[in-house]
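Two complexes, one shared chain (chain A), two partners (chain B, chain C).
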Partner chain A sequence: MPPSVTHQLTWPRRTANRVRGLSRLSPTAAAGVVIIVCFGVLALFSEWFMTHDPVSSYPDRILQGPSYEHWFGTDGNGMDIFSRVIYGAKFGFGIAIPAVIIAVLIGIPVGLIAGYRGGALDEILMRIFDGLRVFPSIILALAVVAATGQSLLNVVLVLGFLDSPVFARLVRAEVLALRSSNFVESAIAAGNPTWRILFFHLLPNTIQGAMAQTAVRAAWAVRISATLAFLGIGIQAPTPEWGAMIRQGAEFMVTGQWWVAIFPGIALIFLVFGLNLLGDGIQDILDPRRRASK
Partner chain B sequence: MRQPILRAKNLVKRFSVGRSSSYVNAVNGVDLTIHRGEILGMVGESGSGKSTIGRTLLRLTDPTEGLIEFDGRDITSLSAKELRPLRKDMQMVFQDPWSALNPRMKIGDLIAEPLRIHLKLSEPDLRDRTELLAKKVRLSTEFLNRTPSALSGGQLQRVCIARAIATNPKLIILDEPTSSLDLSVRAGILELLMELREETQAGFLFISHDLGTIKLISDTIAVLYLGRIVELVPKEALFNEPAHPYSQSLLSAHLPADLDAPIQRLILEGEIPSPIDLPSGCSFHTRCPAAVDVCKTATPQPELIAQNHHVSCLRLKDGGNILSRQQA
Partner chain C sequence: MVLPLLIGVVFVTFMLVRVGGLDPVGLLAGPTATAEEFTMIRKDLGLDQPLWKQFLIYGGQVIQGDLGESWLSNRPVLEDITTRSFISLELLFWGIGLGAAIGIPVGLRAAFKPNGRFDQVTRIISLLGFSIPTYWLGLVMLFVFFYLLGWAPPGMGRISLMVSPPQFVTGSYLIDGLIEANWEAANSALTHLILPVLCLAIVSAAPIIKQTRAIALEVIASDTVRYARACGLKIKTLRAIVFRNSATPIITFVGTEITGLVGTMSLIEYVFAWGGLGQYGLNAIVRGDFTAVQGYVLTLALFSVLIFLIVDIVVAIIEPRSQLN
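Now for the complex of A and B:
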């Protein structure tokens, strides 16, 4: 029975426990879940909600205010802002989720190895990561994306890489606390090779803190990617990405066409807000110390 | 004589204290041999270096000096990687079963782990062997799907023992395996260990501070004081005629089975000295009722006083045997 010597019974029960875990969420975290689910539906099934093609321009309807035909109005290219805001949810998730996954995939193994091996390797890895964190992430992201080429893929890779120290640090701190624990020594005595100790013994016991951070770090990735787009880095203008739309709309604010920037701005605020609420809720559940201190 | 499985010569382990130049002298020149099918009991106070010896013999910590020979092979300076295949044949059971098992692994996986590492078994075979092992340590197979938090201390220690015997090792070191368990549970574990000794013909090192447990289970007993073996002796000889003053005081503190038997208490004064500043000469001289001036300067060497009975005491020949002297 792969890969564990156990019976099938256990996983439905585990899933049931997880669902029950959701009900332990605080009201604010539950609100976060609702917001994320709404945006998730919008992102996955944008086509069902959009009233127009997000990148078709109607040259005769440039900069029209909200109306029955264009609920959120039209932008400087005569594109339907409502449809563009909805389509933009794809970019929000499409950047944040892979960026966090990359950050986890780099950060957690580095944290495990650095914490377990210690010594010079630990020093070198942690100093590199400290170096990354010395610069404000937006400056570094700006520089790296500008240097590596302006593409969506580069934005995702850079954000994931820049955020990996967060996860590395969290896991490393837990590994330091556990590496001389009895069960690790008993695993060594049993003859476990290092990789088994890292992934079967240390990983499951050190990952909670890092997992609790994922939603908050996704909020960070959404914010930074929108900021980059606002600055014109990575994602370019007609793409229906919220940051890029806000940039375009910013010019029109002074002349009174508020709807161009306001609607993508509201969408951005809600998504970041929802992810942060969810992140706080997850942290409360996974980290009892934090909950107790409240 | 039975085949020796582990031999240690002049084993020394010092831990540095912070950044200063002082050391904790945990183990100070230990010679011992464990044979297959034999249970060597090691008894001593807290701080006498019992656990450190156990962990050093299995190279879980590196010895400062000395030689460790396992199954005829010098393992003193093997790397962690070179040791790994040998760990199939040398296993350990730890004192505190609650913390010795990964809390996020299932009992079945914990028991199967040594098999999975050392033997190439198919999944069905692995499962059969795991269930067999659970039965052997009298653990219900229902527990195989549970995590350690669902089991009691005695059950967890059975899991640890199942892990230790999974690969049929030639040597098992047990570091106070029963001292954290209730008396009733303790008896069951000891019984199991004695059964396993007969079945597996492995060599056992049983570390304990409890003379009663040691008496029950060991064939040979090593009495430890401040990281030195002061007396290495067959069990009967120790309980009938302990030769070293420290062994005598240990025994006199131990309640005999026959409560009416006359016992002569030999109560030691003071605490065991700090292993950072070892006493000069015989390290027991600060508390020894038989100590004379020479004990403060000369270090006693193990002497053979009867078959398989080694004692390290300078006053053996001139009446240092205080119990019999007082009785006379």
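Now for the complex of A and C:
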């Protein structure tokens, strides 16, 4: 079927809107977008950039410094660090994106229902969230992953689950403010079922703040997953994941082979920094209070 | 308010071990145990009881200060945790102290000239501080200051092995050494402290800068400050007013930050082999020693609750108005 005329008409306008939306970002946030896109390209097309296989070892080239053949040197197993750093981008995105999606998919409905229904359910949920806030998030993530089984899938599930209160809180606060507004009351009067009010009337009006948090939460997920791997929990050593690579390089830092741990660390910083820059920029746009007032 | 929170904390710690269906019995019994031995150990640990009963038993033990014995070393967890808590507190105290001493003035200065050059630069630096993995920063510091420059001792513990530690007074080798006038010990403790404290300070300063700036901006826009400015007060006086009015929210924020920083500190301890509670807890997690993990997580949570209470009291003292609510 040929594309419809209306479709052809609307898409340039939609793109224009998107570009205009992007241009509202500050230069620092735009820099964040550039960093994220670069890493995204590395993650998707890592085969094009890697100079060696990330997990094959060259026993005659153990712990060699950066050279023409191995740009970032080789690690204790004689594996090429440059290729491993490139490949590691797959783990950064592969963990952060599904973790944030899970957190959104759990957190937003919970926040909608808790805010709309109120009462005992809301009270209990908020108490639980308050209780969880007392635990350092990183330690809780470590302990839960260690207790529930150490697989990559489990890391993603635990991070998503532990991060969902952030979204639930944000949406709940918005719902509370809108619950008795005119458009919701007229929707009820018109006979909409509750699920329709929640997902078609309240959700579009409350989701903005939560969506603005996604970049920052993705940065959190990348950091925590690397920390787990650094401690050897969830992701094990020969895997070309940045945290696991830093773990491998830790012992060599005091003997002078800096390249093993430094390069994956720099990659990790850049990706998290890019996500934080973007998140900061989005929050500035959405929250006028945070913009400097004259 | 605090009681339900405490019950919730104990519940979460209790569930930590049950949620994964970990079985300590196999670990304790060993590979040659018979079926009878298995059931005996199950009974010993109370694992044959229904879950709610187990929770009540666990809660009762916690109230009595019994955190159980380590699955691996059979040592009482509470004893291990108390001795190590002092070791960690030393690091936490100096680290957050330095972080706040850097973060608050920098944040205030950034807020006085929003979007000025100082503001822009500190904003990038503080976002960078958010993004640096703590453990990596510690490793880089060890590489630069120990391996390259030779200024710092190797990241092993909190005092040189050649120096005998001072007697226990406050638990801090530095302060105890000074009290005893044992300069050698104090000096050694200080050189061991610098890198981990610097590491923790950098990581803790970043959010403090960001939040102080946001708080001060809001205060600057408030009626109080606008009126003061309209009265033509000197800029120095204005800044003092801004500082006084920002103090309460800043203290509250630093208090809530401590929860997260305790986790960060554990990683720093791990890298520098500090030997405190954090290293103990992380090792317990890595080895799967779950009574120790429970004790560790519970201690951190209770510490946070304690900090929240202290913050409330401090706020009530400097801001009597808040007591009315």
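As a convention for this text, the second predicted complex is superposed on the first by the 270 of 294 C-alpha atoms of A that agree within 3 Å, B and C clash if a C-alpha of one lies under 4 Å from a C-alpha of the other, contacts with A are read in each partner's own complex, and residues count from 1 in each chain.
In this text, a residue touches a chain if its C-beta (ideal position, glycine included) is under 8 Å from a C-beta of that chain, and two chains touch if they have at least 3 such contacts.
All values reported here derive from a predicted model rather than from experimental measurement.
Undergrad: Between chain B (first) and chain C (second), which, if any, makes contact with A:262: first, second, both or neither?
TA: It touches chain C, and chain B stays clear.
Undergrad: Could you look at A:149 and tell me whether it touches chain B, chain C, both or neither (first, second, both, neither)?
TA: A:149 contacts chain C only, not chain B.
Undergrad: Would you check which partner chain A:253 touches, where first means chain B only, second means chain C only, and both and neither mean what they say?
TA: Second partner only, chain C.
Undergrad: Of the two partner chains, chain B (first) and chain C (second), which one does A:134 touch, if any: first, second, both, or neither?
TA: The second partner, chain C, only.
Undergrad: Determine, for the superposed model, which of the two partners chain B and chain C contacts more residues of chain A.
TA: C
Undergrad: Output check: A:230 vs chain B and chain C. Expected answer is one of first, second, both, neither. What do you get?
TA: second
Undergrad: Answer with first, second, both or neither: which of chain B and chain C does A:272 touch in the superposed model?
TA: second
Undergrad: For chain A, which residues count as touching chain C in their complex?
TA: Interface residues on the chain A side: 28, 127-128, 130-140, 142-144, 146-149, 219, 223, 226-227, 230-233, 243, 246, 249-250, 253-256, 258, 261-262, 265, 268-269, 272-273, 276-277, 280, 289-290, 292-293.
Undergrad: Taking the complex as given, what residues does chain C use to touch chain A?
TA: Interface residues on the chain C side: 4-5, 8-9, 11-12, 16-17, 19-20, 22, 114-115, 119, 123-124, 127-128, 130-133, 135-136, 139-140, 142-143, 146-147, 154-155, 214, 217-218, 220-221, 259-264, 266-267, 270-271, 281-282, 285-286, 288, 290, 293, 296-297, 300-301, 304-305, 308.
Undergrad: Which of the residues in chain A come into contact with chain B in the complex?
TA: 1-2, 4-7, 9-10, 181-183, 185-193, 196, 200-201, 204-205
Undergrad: Residues of chain B touching chain A in their complex?
TA: It comes out as residues 55, 58, 60, 80, 84-85, 87-88, 91-92, 94, 96, 99-106, 108-109, 112-114, 117-118, 123, 126-127, 130, 144-145, 160, 163.
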